[in-house]
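Order of writing sets the labels: A, B, C, D, E and F. Residues in every chain begin at 1.
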Amino acid sequence: MKVVTFGEIMLRLAPQGYLRFLQEPCFQATFGGGEANVAVSLAAFGVDAEFVTKLPCNDIADAAVAELRRQGVDTSDIVRGGKRIGIYYLEKGASVRPSKVVYDREHSAISEATEDDFCWESILEGADWFHFTGITPALSENAAKITYNAVRCAKAKGLKVSCDLNYRKKLWTKEKAREVMGGLMPYVDVLIANEADADDVFGIKPDGGDVENGKLVRDGYENVAKQLIEKFSLDAVAITLRESISANDNNWGAMLYRNSTAHFSRTYPLRIVDRVGGGDSFGAGLIYALLSGKNDAEAVEFAVAASALKHTVEGDFNRVCVSEVEQLMNGSGSGRVQR
Amino acid sequence: MKVVTFGEIMLRLAPQGYLRFLQEPCFQATFGGGEANVAVSLAAFGVDAEFVTKLPCNDIADAAVAELRRQGVDTSDIVRGGKRIGIYYLEKGASVRPSKVVYDREHSAISEATEDDFCWESILEGADWFHFTGITPALSENAAKITYNAVRCAKAKGLKVSCDLNYRKKLWTKEKAREVMGGLMPYVDVLIANEADADDVFGIKPDGGDVENGKLVRDGYENVAKQLIEKFSLDAVAITLRESISANDNNWGAMLYRNSTAHFSRTYPLRIVDRVGGGDSFGAGLIYALLSGKNDAEAVEFAVAASALKHTVEGDFNRVCVSEVEQLMNGSGSGRVQR
Amino acid sequence: MKVVTFGEIMLRLAPQGYLRFLQEPCFQATFGGGEANVAVSLAAFGVDAEFVTKLPCNDIADAAVAELRRQGVDTSDIVRGGKRIGIYYLEKGASVRPSKVVYDREHSAISEATEDDFCWESILEGADWFHFTGITPALSENAAKITYNAVRCAKAKGLKVSCDLNYRKKLWTKEKAREVMGGLMPYVDVLIANEADADDVFGIKPDGGDVENGKLVRDGYENVAKQLIEKFSLDAVAITLRESISANDNNWGAMLYRNSTAHFSRTYPLRIVDRVGGGDSFGAGLIYALLSGKNDAEAVEFAVAASALKHTVEGDFNRVCVSEVEQLMNGSGSGRVQR
Amino acid sequence: MKVVTFGEIMLRLAPQGYLRFLQEPCFQATFGGGEANVAVSLAAFGVDAEFVTKLPCNDIADAAVAELRRQGVDTSDIVRGGKRIGIYYLEKGASVRPSKVVYDREHSAISEATEDDFCWESILEGADWFHFTGITPALSENAAKITYNAVRCAKAKGLKVSCDLNYRKKLWTKEKAREVMGGLMPYVDVLIANEADADDVFGIKPDGGDVENGKLVRDGYENVAKQLIEKFSLDAVAITLRESISANDNNWGAMLYRNSTAHFSRTYPLRIVDRVGGGDSFGAGLIYALLSGKNDAEAVEFAVAASALKHTVEGDFNRVCVSEVEQLMNGSGSGRVQR
Amino acid sequence: MKVVTFGEIMLRLAPQGYLRFLQEPCFQATFGGGEANVAVSLAAFGVDAEFVTKLPCNDIADAAVAELRRQGVDTSDIVRGGKRIGIYYLEKGASVRPSKVVYDREHSAISEATEDDFCWESILEGADWFHFTGITPALSENAAKITYNAVRCAKAKGLKVSCDLNYRKKLWTKEKAREVMGGLMPYVDVLIANEADADDVFGIKPDGGDVENGKLVRDGYENVAKQLIEKFSLDAVAITLRESISANDNNWGAMLYRNSTAHFSRTYPLRIVDRVGGGDSFGAGLIYALLSGKNDAEAVEFAVAASALKHTVEGDFNRVCVSEVEQLMNGSGSGRVQR
Amino acid sequence: MKVVTFGEIMLRLAPQGYLRFLQEPCFQATFGGGEANVAVSLAAFGVDAEFVTKLPCNDIADAAVAELRRQGVDTSDIVRGGKRIGIYYLEKGASVRPSKVVYDREHSAISEATEDDFCWESILEGADWFHFTGITPALSENAAKITYNAVRCAKAKGLKVSCDLNYRKKLWTKEKAREVMGGLMPYVDVLIANEADADDVFGIKPDGGDVENGKLVRDGYENVAKQLIEKFSLDAVAITLRESISANDNNWGAMLYRNSTAHFSRTYPLRIVDRVGGGDSFGAGLIYALLSGKNDAEAVEFAVAASALKHTVEGDFNRVCVSEVEQLMNGSGSGRVQR
């Protein structure tokens, strides 16, 4: 099984612990980005995972590639060139103080890449699944075109295609997102979204939900998924359900809608170590579960357990293996020491 | 709007995380002290804030002044001289283990300062508000006299004066505190206290409250505030209400009593990052809110939200801006990531 | 009062905070092991505590001895020789992710020690109490024999003997454990166990308990203790009761059964800083309490309060003094700052 | 005495110690840039120093401003707006391995600033000296224009103007540098250069020098200075003389040429802690010395001693005071402990 | 070009900076070992490098494999199984205090591997060069047999074979080393040794050299190389020449003897950052240079420059690329900043 | 052999590496003080060493006692009481920048101790040697009296007494030092001084020496020692000879004068890791050497080698054992790795 993901990987600069930006003159320096996170997580599950992007020729970008390699991700189709690697600064929230992201990703190599940079015919040769998120086409006109080329080629070669809507209001408007994402949807089999994405991008709301104050009405999600499937002839829609109690405490679950049936997972009450990449780890869990032939109910449980674990791991990447996910799925989540 | 605060700033030496004292051979070294904390918080709100104290001529004290400057506090009236900067060692508590403070503040420059060191006429020129806490007059006989000179001058020049009772049993007895604070009260407009201070200093108890086991009876506080206002002809009394569930979890709110009306704020359930300076950040929030013309109900909400955020920030200082406070006041406190 | 404990002390290598193994190229390097932990805790209570083991002649083992000395433990009977000091790698769990222990303790000096290495006649001279855990005899055939020599000598010299069952499935089988521990029990006065040990080692189950999902049926424990006392003519049995809600949150209490009476302690809801050594700190608390003449009800409360505090202290060792334990026992556990 | 400097301040990201880029997932995060470094150094000498630039409205830029404030630099004319703060990554060299700089400064707020952003009439009001380096006009066409506006205004208001040539080949070509810098020279009084700058920018070579292999022929520098003074009607030219033995060991001195006389300073053999900002600290020392009325021989000695000390201080900024510089000038440089 | 190396990779635990063992409770945790170091260095030069070993199935060994992957080394033939990964503790020396190594490598998976674990026919398929050091056969009888199988197979398949004598007195006696290494020499083409190895293993001394006091007589080395070539029909012998002035300062060079001609490299005076792996980086440099067709004089210069740079890089691995080596070879080694 | 030392131990707060004070918000926190350093060094040599002082009852002082215990020093006669533990802030110098010490030791428990606090009769029972430095009597009048009581008692009980002059100009004047130290000399057998002490305290100058510029004329020291021995009827005088090239590089040696003969040691060129405590480690080396029966020439070589090693160890304490010292004495000092 081979999965290819395409998008941007950024240098992530974060203060230690719960410090505010530059409260101490130090940044934890790791790497992350939606599609890279999915590839890393899949590699940790033993999947042959490849991440495709464009990165400049400098030591910082070299380190990004090396880190992906460390995680077991195939980096052989990463294009080198362009001016810079994007950066995001992350300040971890605590209690009533939310986490804060400052982007410095404009003019990154991938956002200034051109269609010629990527030969999808050869990149996707031998692959079974292609994954992208709504962040990639939001980077630039060219990035949107490249994504379009990728999904069209993937479809033509018979790959399954998954997309995580991942709406980012700092990157584009809802109108622009609707237009571009709408054009990509015909090539998508599995669509992943959180509670707000479907509304932000396609104007489809969960009935009766009031996300901000943490009250989720699950029934409405079934209806949203149904609308999405009908509108875009999708195979399946997965919606992650996050109830934010505080920056430290979230309840986390998901629904997978397929074949006219909604499968709701168990809900995990989570004490958060690092929330970033939570959605991506869900996507990776879902892809792994579907590729490895789990049924829909198992698949959503696997994906949610995988992403529950992600919330306990520092950094964007979900460094957990299949047996750890299965142990959580099948156990109590009571966190007893493993000696 | 210009606010002047007067008191002691100390070197704060704390082990990392939840380590016990010197469990590892390292101290986080920052600065803090009730009135300095208020000045820093006000500066972060955009107020022209000045902190007045006396500090010795050495590199450690230079760093204290530089840090205040970094926070945007005016340090131009800090007197230099004397022998040492006070120190407090802080061990952060967790769960059932309380935080622990070891003072090494005797013989500090400010505690051995003399009345001649400070010319309040010129210091307070152009200022609108003067703030001090019950810690300053507790430092020494001279410190009490200097504080008296300050409030008398402030009053004469038409400034508003606020005082946070802040009783510290390691610095003086209840009897001495009552005598000295009683002499200062006639010059005070706004008095701030926590659940225990009014009792410790003036023997005024909340009816029916049993603070130690975390059960707060709010009604009693109204009565306490009323008594304080009557006794000292105050304009307003604010009482912070802390329910300590563990060293990690507190519920936090406050009451502002003014014009015969008690305004109780919303209560925030807090997961604590650093509890020290929580009261000071409330004081700063209240001063800011009153100076900027908020009504009483808004003022106490602003002050409580500001100090709720402080509990999530490492160090004595509250490094939050007005928009962050307002976002918390007006939102759910659910701590969702801000991208 | 002098207490001697005997067993293995290991180098403990743990990533910082909640990082996964080698996520960053750094290990916190401390020392720990069941019986060493008990000795350290007793020394912190002011007891004359000695730890006996065998350690190789190298700098790492020297550091282990020095650290014990720092904690006030008598190290004068530690035998030096053999090849290596055992190691355990510890990854701290969070939320739904359990803590993980990787052992590298085979071929340690103590596991390859011989009976001739220890002259118990002289080691135990002047001691009042001897303590060991079920880990020591599990290390090797020789270690079991040395333990047997120790308890027989202790008994002959009139010492009280305590044992913490501490079953470790990675070290031996249940069958082997039952055989060896069964042979040691006749020399034991006070037996300590957690919810699972009595079942694992002696096949005695608490009635109706389902430990994994965190529901403890306390009544069953009384029955287990009774059976143990009858089977081995013990003086007392203590059972620690841990309800694991997550890797961060546990409820913690214990029962002391003696003279046909079960004394259940108060239950502490704990936010965990470091869970390893929790049981050992209970054992130390119990030994201290019994040696210092507390009655059974007080003894179990002291032991539980001591070990509740341990859960808030980084490392294997419980760095708390008697007054801190008593303050918790007699207070609310609300964790208010001590200024 | 008031000095204004104008240029770019960047976030400096450097691995700890002598680690290669991202060998560990951490960056030391400080700030620096030629003209900011000069302002900080002057403030440490007690001069009223102001730094002018443009920075975006985000937390990282806020921290840059706060850090300047901590160093005592006036930041009141810093314009806020634009997209990003420039970054430079620094890997510290050791022995035969040179230090390495990776720039990510394109599209910074200051490089995209416009002439309208700065009203030099009011900024320079009350100032005595204006300083810039050859880096600022190299940033963009606009930056060159703004610099031109600044020097023209400075000259018109009677300020002394100093310029450090500081040629950066990654920012512009020699041809472009010659054209732009040539246009600015008529407004400059004091020109500072290192061994290579005069050649790179104006094609003026020291006779017989072979800088790369560390052999400096001092006599040639006198001739270079003379040519520069004649060509641009300068008041004085200072040339820093660095003999690079290795990344750790440099010999450091300078020459000040004025009134047809060359004053060569003492040469310091330096063990380097941080070499970046060495030239800037020389510039600050020279400005201070000239402003405070030292004669030419003293001035170059002060400037060289100040910058010798800089090489022992981590970060771009020279955190030394006048008495430290004078102690080095007048002493042996033997580095005996000061108790 | 593909190079395969075979040997042991260990966890390296080192205190920070120049701290003595466990002076602070922390270890830098990286990985290293002679042949792994060679593979990593070759990968950094762009060579297709593979490292072969046996490692246990646990998280620590997983991290070793991941780190090799990060460095670009092929890990696909690493056998998983056995009990433990070897450890070496390293205390970095300074000035007159030598570095200190404490081994804890007994019973490692590779030392207990069996001949069946490695199918050299398939491992060496497609490779051009095989490299091992004298450490590998010293690990155990089996390890010696496996090494023998490897070199015999390599020779049969037409690979070049290189060996670094690397005598370790803690692993075996000189007599045993002579016997085993003597049996392997017939399969070796290129032999690498330091000043002492040839004497320790084969009893061949450099004439007139007195290594301990740092005086190297170069002429003697030519004679040693000649003897080795004659005795074992080698193609080439390289001898590294280290003059130890202190733990911080070494002079470093080498000689390559081939076709009856000795080529002495330039000597680099080095300020040491990390000396471990210095010899391995020389080996890698030599293999690269010979494989890429450099002549003998260039080859030894490349290898020495590569290893000179290694001395400036923390950890066992030489993280430098070909252009950095060439820049040093062709430059002055003056360490000027690269902007 | 038992040695008792008496004096002050302080908390030492130092920035990491070569950072200036509070450049980062962190202090390395260790302990040190002349006589404590001697006791620790002796304990590391296997001597039964005891340190006597007075320390307050708080967690910081507890940690000082625990650290001494860790180093193997007997702490059983340390008196607990008084207000505070003294502090010294240390900024490590580099190259031309000298190290800087800021004292905050006034009002420490030992400086305010009284004669009644110490019963020398019982403290010195069974001891063979008593050591103090000129710092202890400089702390206060009482401290001088207590020191006098100690040396008188030591002499009466037949102990050897050694004194390190250690003049500290921040603690007392030369006149006061001469008076007090003059009164203690009659009880001293072995006097240790550096190049400046004899002059500062007793006005005895080395002929022709010019210490500041690093040129030492050794012949003059013989004359100084002779004068000291004659004046105070001493048994032996040792003078340490430090040539300061820079804060990083010193040459270090010593002379022992006894029985009318001067024994000059070898001179070590040192690259300094931590210079503080260098003199103390010499004193400890000398005491050990004399107690263990080495002849005068060997004794001074041992003491100098011991203290040469100290310069390579972080912190005040010399963490080296006898075999390490002997290896340096008998070797080349070339710092080759010990595997």
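Everything below uses one rule, namely that a contact is a pair of C-beta atoms (placed from the backbone, for glycine too) under 8 Å apart; a residue touches a chain by one contact, two chains touch by 3 or more.
Nothing here was measured: the structure is a model prediction, and the numbers come from that model.
Hey, what chains does chain C share as contacts with chain E?
Correct list: A, B, D, F.
At the chain D/chain E interface, shared numbers over all numbers used: above half (same) or below half (different)?
different
Roughly how far is chain A from chain B, centre to centre by C-alpha average, rounded to an integer in Å?
Chain A and chain B have C-alpha centres separated by 44 Å.
Taking each chain's centre as its mean C-alpha position, how far apart are chain B and chain E in Å?
So the centre of chain B lies 62 Å away from the centre of chain E.
Find every residue in chain B that makes contact with two or more other chains and list them.
17, 20, 25, 67, 100
In the complex formed with chain A, which residues of chain D make contact?
It comes out as residues 13, 20-22, 25-30, 58-60, 62-63, 67, 83-84, 87, 89, 91, 100, 102, 104, 106-107.
Within the complex, which stretch of chain E touches chain F?
Counting only chain E, the residues touching chain F are 17-20, 23, 93-101, 103, 168-170, 212-214, 244-249, 275-276.
Hey, which residues of chain B end up touching chain A in the complex?
Residues in contact with chain A: 17, 268-273, 308-309, 311-315, 319-320, 324, 328, 331-339.
Would you tell me which residues of chain F are touching chain A in their complex?
24-25
For the complex, which residues does chain F have touching chain C?
66-67, 69-72
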